[in-house]
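Comments concern the structure below.
Lettered A, B, C and D in written order, each chain numbered from 1.
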């Protein structure tokens, strides 16, 4: 692997260990990616099957716009959805974790989770007031083209997240740090929404 | 920045990392301040936009009594409320975090959270018995003058905390350590109040 | 202070930091003690007012059987109850923390929390089957003689714990390690009991 | 002890400390094992009575197919069930912890916990769709032959876990790492199942 891929792999490993310590990448679940080049689209994605708390800078794979490894290695099956998200949204980094609150929220509101009038929305890139934010929910599946199509149908440039029912959450941003901040804020918002056990639009001030 | 500002910045960074590790400053949320001088009022406030687990001693800004930066740098928008609280209460340090329990409590009791007959009230600076403590709740907003006015209307010298609905909590004290202890005790009390799902006055012994 | 007192102080500081990291000694709450001598009864108790995550070996005070400091220093007000428990039970160490589950359980079952047919009871020093364990609950108060009398009325040699309503939990054992293990198991049992939201005797198999 | 036993003991100690830090081995609860040889069957099991966060490589005991120590030392009483599981399933490692979610799930669904249509099932070794997974639940007891018989009656080669009601969970795999990943995924699944408070088959999409 080239130096840049290894540098990115190191960032992905560090970030994965951080999420693993938070309990958001239990087992070998979840995967993170960074865009390596735009034309042609290439992403560096965490390798499949490893403990996400113990990755090294070498546990990363370069994939193309379909999520296919371009230089060997075994990417996660979900690399295809990472690539689709990066392509459609223009994001520089995509994170996918299995935090519990997003999956509980998707179960509670299968047609989309509506959030508004909450300060934490600013950390997600939206407004704290009078801005109705709907986090799209798609059904789970193993065919990344099907999931990607469902993602694209619900995509809005101002909503950098996707819930996959009975599975987990994708969040993206310019880089891993922006994606982290948006994910952390979204997870907080979804804990709030499920803890108050009502659609927050109905209960909003 | 002067040496004292950098010393304060180091304390703010250490304290921020502590709260971030507790999950109370997710994303870039929350901000901490210490009073630098009283006349004129000057506060050192954490800079805006950084990951609160990764601040350095240089990620701090000196603001005036309106929360306006006096020597460049970008303070949090909420610096104005920090300054107002320090001015009205005489506190030496103000902490503002996005722990979940305070926001859930504010949602449950929008007219104020009543606490009494709980030992942890001593750690908040009040009595463990026969002392009705009402934590004021104000509506959220982006105009710190409006929030400051609402704070001041509900201010009582013996109640060093403010809940901002659908947003977070402010707690203050003589220094960062006293503010921390009061915040930790208040957060515990609000978890107790929401977990017992009833206004604790009604349920008190 | 003598060498032995400092050695005990070091153990109390280490153990306090452990509980503080678990969130069971928020603010400056809780206190730990070890028996220094039996005749006359002397205990080493954590000093009052400090952050329980930041104690040193010097933050400890020697108290007599009434919890009064014998060589200066400021013990916690609760030292008197530590001494009473050590005297009545013969324990070598007493730990008092403000974990949430014990306080929620005391609120739910103010006449005592009944536990039985749970494996974790073995770690509390009781049997896993057909052994009805009642954790006594006493009302809160600031007069340690009153609390000590209430404790003594409910004391049973086979039940090394006491819940103080709207306050916290005391657990004791031969040494700090045994007290820790009993406390950790009891806290688990009380989380189970409150999570299943029923008195576990009624729901037992 | 031979070098291999000490090497295994070191792995068991490291893994135990990891689970203890997660709160899944409170007090001295739980135990881990690795198969040392198949013919005759010998396992290395964590020694009984120690704090699971503080084991060393010497805190391990070699037991036979009945869980009896073959070279002195005091194994956990549960070593017999470890041996039975390793014998019947062919697993190379067995982990037994007292996480709360499995015990709550066993209480809620005493005839077995049914899981399906959840992505995390892949991390447990099953399919994410249209694969009905039933985690068997057996009653608690102190006679490992009785528990072993109950385990064997419900055993299926494709379901590497066992819930013991009012007690804890056993999970196994080829090695400690596979067992860990399966345990972490199962614990997530059981938190999801109990949080949604319904049998997930009924509520599945």
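One rule holds for everything that comes next: contacts are C-beta pairs under 8 Å (C-beta built on N, C-alpha and C of every residue); 3 or more make two chains touch, one makes a residue touch a chain.
Protein names from UniProt, one per chain: A, B, C, D = Methylthioribulose-1-phosphate dehydratase.
Since the model is a prediction, treat every value here as computed from it, not as a measurement.
Common neighbours of chain A and chain B: there are none.
To fit its Cα atoms onto chain C, chain B must turn through 90 degrees, a value rounded to the nearest 5. Per-chain Cα centroids separate chain C from chain D by 31 Å. Chain B and chain D have Cα centroids separated by 44 Å. Looking at chain C, one finds that none of its residues touch two or more other chains. Chains touching one another, given as pairs, are A-B, A-D, B-C, C-D.
Residues 117-120, 123, 128-129, 177, 180-182, 184-185, 187-188, 191-192, 195-196, 203-205 of chain C are the ones touching chain D in the complex. Those residues of chain B whose C-beta lies close enough to touch chain A in the complex are 26-29, 51, 98, 100, 103-104, 107, 110, 139-142, 164-168.
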